[in-house]
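The following blocks contain the structures, represented as structure tokens.
Each of the two complexes below includes subunit A, the first together with subunit B, the second together with subunit C.
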Partner chain A sequence: MSGVLTLPARRTAPGVFVALAVTLAIGWLVVTVDGGQLFSLPTTVSLLHVAAGLGLVAVGQTLVVIGGSLDLSVAYVISLSTLVAAEAMNGDDAALLPAIGLALAVSAAIGLLNGLLVTKARINAFIATVGVGLLLKGYLDNGYDGPAGKTAPALVQGLGYQRVGPVPVSFLLLLAVAAAAWLVLARTRFGHHLIAVGGDPEVARLSGVRNHRVLVTAHVLCSLCAGLAGVYLASRLGSGAPRVGTEGLYDLESIAAVVLGGTALAGGRGGVAGTVGGVLLLASIDAIFNQLEVDAFFKQVIRGVIIIVAVAIYARRALRKAAS
Partner chain B sequence: MADPPPSPLLTLRGIGKSFLGVRVLDSVDLDVRPGEVHAVVGENGAGKSTLMKIASGVYAPDEGTIDFAGAVRSFRGPRDAQRAGIGMVHQEFNLLPERTVAENVYLGREPVRRGLVDRKAMLSRTAALLDSIGESSLPPQARVGQLGVARQQVVEIVKALATDARLLIMDEPTAALADNEVERLYALVRRLQERGMGVLYVSHRLKEVFDLSGRITVLKDGRLVTTVDTARTDADRLVRHMVGRELSSYYPARARPDEVGPVRLTVHDGGNRKLRGVDLRLRAGEVLGVGGLQGSGRSALARALFGAAPFATGDVRLDGAPVRLRSPRAAMRAGIAYITEDRKGEGIVAGQSVLDNALLASRALLPGAGRGARAARVRELLAAVDVRAAGEDQEIRYLSGGNQQKVVLAKWLALGPRILLFDEPTRGIDVGAKSAIHDLVRQLARDGAAVLMVSSELPELLGMSDRIIVMRDGRIAGELPAGAGEEDVVALAVGAAREAAT
Partner chain C sequence: MRIAESRVLPRFARVRPGGLAPIVAILVVLLVLLTLRQPDFLSPPSLMSFLGRSAPIVLLAAGQYFVIVSGEFDLSVGSLVTAQVVVAARLIDSEPSRSWPVVVVLLAFGALVGLVNGVVTTRLGVPSFITTLGMFLILVGAVYLWSDGAPKGGLSEEFRRFGRRAFEDVPALGRIPYALLILLAAAALAVLLSRSDFGRTLVAVGGNPRTAGLSGVRVWRAKTIAFVLSGVSAALAAILLGGYSGVSFQAGAGLEFGAITAVVLGGVALGGGRGSVVGAMLGALTLETLFALMNFYGVSGALKSTVQGAIILLAVAVSSVRSSSR
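And now, the complex of A and B:
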């Protein structure tokens, strides 16, 4: 009994990193046999770029999911953010910072709306955020047929293409954001309260936590992350793109990454580190399939299978834990 | 003895509370002194929980005053009461299993240093609190979900201590504890007492009440019966205070000896997570009442027989032949019907019509065959049990509780069951409709069905049953014949009497 009791509370590194290592090893083998090279500079760089975009969204998504909520509007927030940023810059380096600020402010406002709908209006997070997403989709479809605006050259050169060795600046940005989110969850009252609200809202309330305020904040942070991902994508594309978020499936993929990383969809358990692992796993699978030139549709099927299997394994483990 | 009692820490005066026009508390007075354990006892529905929730700020009283630590208070919520110094240890723990002991204890009040949560301070302060109540073996960084129930309770108590509570309200604190763990809880409560803390202790178990408390307050039907010094009373007198209602309403005549048939159902040594060593015989034509307190295993017994939470061990026989009741479907096939206590959640599909609800079980068990005939039979049954509805197409949620219950009954009768398990058959049903349900239950027995009826209403249990078994802690504590008194049932249920079985 006491042996069990003294186990440290920190969860061991999520199994997703094991899966990542195995995937990369198998992928490397298969790609090599196929005559390709998985860890060549171009592949690695592109892998990390994919991870940076998805990762920024997924880190934000982690926060709301831990709080027992969910954000399905992120894909549209991303698209909107690329447009706001690119149009405000209009190719002018001088407008760089104000434009980024504006894009983030708009994103934060959408997050605030999401949070208020979920808490004050008591609308199920799924419905509320899909609703807000459709609202944004209407605006985007109505106002834009294709790319618009022009990203400031400085941003394109910096965030878009600058590298430190094989590591793009954007990936470093992801690591910084993830580290910040980790610190927030582990070492701030807001983080503790967020985990409590996700774990059991009634326990949190009776312990004096202001549940609504906590959840609204989480939604704002999530949207901010999506907005940041939008700024990054604008830097890659050189302009605003009204469909980039939905075409990249950032809403569902970010949730998939969160779940792969071991965060419970019901809330209250999980963390940012696992999410980064989940993002890298998805990006690696993507890179391997690209190297093997697997059919795009088949690729989707495989990704679907991997996500289902991963979640089934987690569910199994949770069951066993409950039984013991 | 010469010292006058210290001035009370908490004083409740003339507390009254109604829910939806039903009076659940009526001018109740209660006070708790520092360093005193004050026990509150009473039957189910006596108003204990409501009174505790008023004292801890969950509900506001309709009438009366709360005086705490020398000032009149009106708490706007549990947080308010906590800040004033009233801690509550809930029956279901208010803890996060995924978080550590320290994180749980300081949830909502995390110490902060330079903007960040000060983990070191949190751990050391939690360790100090644990140490102060003699629980230093509990590591503050352990995850709560990995702790046993008893230690989780310690965490819950420490959580209250961390708010500098001066009064601790404990609602059925031993409900989930094993016997040796109860001893530890006693020690803990005594240590709190020595610190001058007042403890309001709600329990069904008279043994604990006598072991721990200095004074006992008895509630019945929302009213204060008496407050006595524990040293000047005994279990018998207490039980008499707790019951003693007039058996006024009408019940159908019991089974005559010639109406009781052979044994239908036998359980030998049945057990599962909530039941232990259950031995039971149920005869055709009789109503076997099942009494006991909430959580004593009454419903668990019915659910085990219906296969909803099956027996894990033991031996069940139907008409002498062994059967395995592994699922509700298997039980239904064996001719067993279960009328649940949770009508809204498990008995009806609120948005479906009366007819659809009545057809639910037969559709599930006998799909396809003879649709027309089936509907015709169910219509007859609906008429036979006298359902009053605007029409068979009316959504069932618009019916009164009594009529809903009749539809549920018709649903089961459509399968022609030979064993009927009623769990609180008249819960939430108004007085007039109650006797109609009672008549139906008796009529079914008279027609040869074996009936098992769980009820927490003592008059109903005593008025309806041909025999009564009383459950306690997942076991059958004893059996009583027809004509037993309320005191006999309560005595068995709270463990004040020698176990009749042994």
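And now, the complex of A and C:
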């Protein structure tokens, strides 16, 4: 995308975990001095719930960003997926699996559209996915004024609120999806091709990679992840919510998490582990501020500053490494 | 508008073959559709007020052009417009005498935000997508925080006239909105700037920063100035928008995507190095024409974004297929 983005090769996945540890340590100290408890059961559980929702989206986003693309339609895909799932279930446990299947199929179809627009129609990914987002926004605004449908009780009890010790099932789902994505990137032909396409599309093409097919697959996987996040949010909310994706800023926050995790926006470099770290970092900051009862708006200011500063530190380290 | 097309465009079209043709074609088609439905749309009074209404987004597109052609993004302009409008209302607090000082404050504030965006992007090596996204979060959070969740104070009539008053009873044209005059002045400045050494340098920087740097261009300075221009254009847009539609936290919502879309519709390449500021401004005008068209054809408010999305995808797809086959 720009010269600034083409930094030399680096592995920053550990960097974000150092930042996470430091943040948690400082946060614990400040919260304790303040008379609160950061690692109490309710705080931990809610932290992991926040991380699960954003994480599912961000893992998918990682795949497209590594491929040199990006997806700004995810927020609308999430909202649509909550509605499709909740309306198809309509409070009936028997319809659980077909409804989830339907929500994921719709999401995958949107991903396919994104991928085809980016590859076959050669539209810049930024414009293509904003455009598809607008298409979905019109559909959602036109059809829904508020929550609709009813999530099956089994899903609410299972994915929504069930947990193993302090770890919610949804966070385990995130770990499973992240592990699968890591495996795909590290061990499969598709993963290697994706990294190659993101690194240099022309070289990849000349080496026999079918760029279009690879990018379309990445977009489908990204939308599937967003659809899964939608199913999870439907299980939390008990119904479909037409604005949950946009109000949660899932499009921009997922990209922020990906970049915090050390994946280059220009593509070709990065990984899922870093993204999970980035998500946990954002969720921890959220939890710490909630414990300190910081004003929601102030929280947003600090969040903006932290995102910029963290990425600036990465860039600095990369420059220093390049110099030495 | 017709005058402008017949006189100015052919010359530009010759200078940059094919650069402006697609956007002019789309604009003409939309104008024809609009005239079919609303024959008096092109009559001077309605055309004048349409152009006045479009001024803010055209200004934003011009500012965004400089950033995009240099290879960066500015996602903070929408939140900057909101922040400016809310800040203006609180500072003026319905006191007419404060109008001019506040205009100066807003322009300086816009330039400052642009400067921060530019310096963080170029000197700290943060991708502009992230810098301006962070700035977006900061500005939205700060403006809510500063006003405790609801806009305070009010704009004076002195301040609002830029956005909603006009020279009345002008012969032949009827009325000329102040906003249109401000737009014309800013547009002339933008065109001059884009054809100056700085403008050409900026395109070179966007095309290949390394080559530009090795040829002696101070890349960081050129890009930073582009961000400052975008910030100042957001300040101007905020002054006009605040005057036209008043104070709200939604004043600038979504304008960043509107401006970027307009710039891309106008044939400017995301990633930098190609495009013209005239194209960017025509792109914005096309987008506004599209909204007017949907109003006249009675497209329900909610479905507007669907139609908008479809047309943007279509237009960009057609022009990118054209340019790649050339």
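The criterion applied here is as follows: the second predicted complex is superposed on the first by the 305 of 324 C-alpha atoms of A that agree within 3 Å, B and C clash if a C-alpha of one lies under 4 Å from a C-alpha of the other, contacts with A are read in each partner's own complex, and residues count from 1 in each chain.
By our rule, a residue touches a chain if its C-beta (ideal position, glycine included) is under 8 Å from a C-beta of that chain, and two chains touch if they have at least 3 such contacts.
Computed from a prediction, not measured in an experiment: that's the story for all the values here.
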For A:137, using the defined touch cut-off, is the partner it touches subunit B, subunit C, both, or neither? Pick first, second, both or neither. second
Does subunit B (first) or subunit C (second) touch A:299, or do both, or does neither? second
Looking at A:157 after the superposition, I want to know if it touches subunit B, subunit C, both of them or none. Which is it: first, second, both, neither? neither
Check the residue A:188 against both partner chains and state whether it touches subunit B (first), subunit C (second), both, or neither. first
Taking the superposition on A as described, I'd like to know which of subunit B and subunit C A:90 touches: first, second, both or neither. neither
Touch test for A:204: subunit B only (first), subunit C only (second), both, or neither? first
With both complexes overlaid on chain A, does A:123 touch subunit B (first), subunit C (second), both or neither? second
After lining up the shared chain so the two structures overlap, which partner does A:40 touch, if you call subunit B first and subunit C second: first, second, both or neither? neither
Partner touching more residues of subunit A, subunit B vs subunit C, is chain C
Contact residues of subunit A, present in both the subunit B and the subunit C interface: 1-2, 4-5, 7
Residues of subunit A touching subunit B in their complex? 1-2, 4-9, 183, 187-189, 191-193, 195-196, 199-200, 202-204, 206-209, 268-269
Okay, in this complex, where on subunit A does subunit C touch? 1-5, 7, 117, 121-124, 126-128, 130-135, 137-139, 141-143, 252, 255-256, 259, 265, 295, 297-305, 307-308, 311-312, 315-316, 318-319
Spell out the residues on subunit C that touch subunit A in their complex, using ranges where they run on. 71-73, 120-122, 124-131, 133-138, 140-142, 144-145, 149, 206, 208-210, 219, 257, 260-261, 264, 270-272, 300-310, 312-313, 316-317, 320-321, 324
Which bits of subunit B are touching subunit A when the two form their complex? 78-79, 82, 94-100, 103, 107-110, 112, 115-117, 119, 137-139, 141-143, 146-148, 159
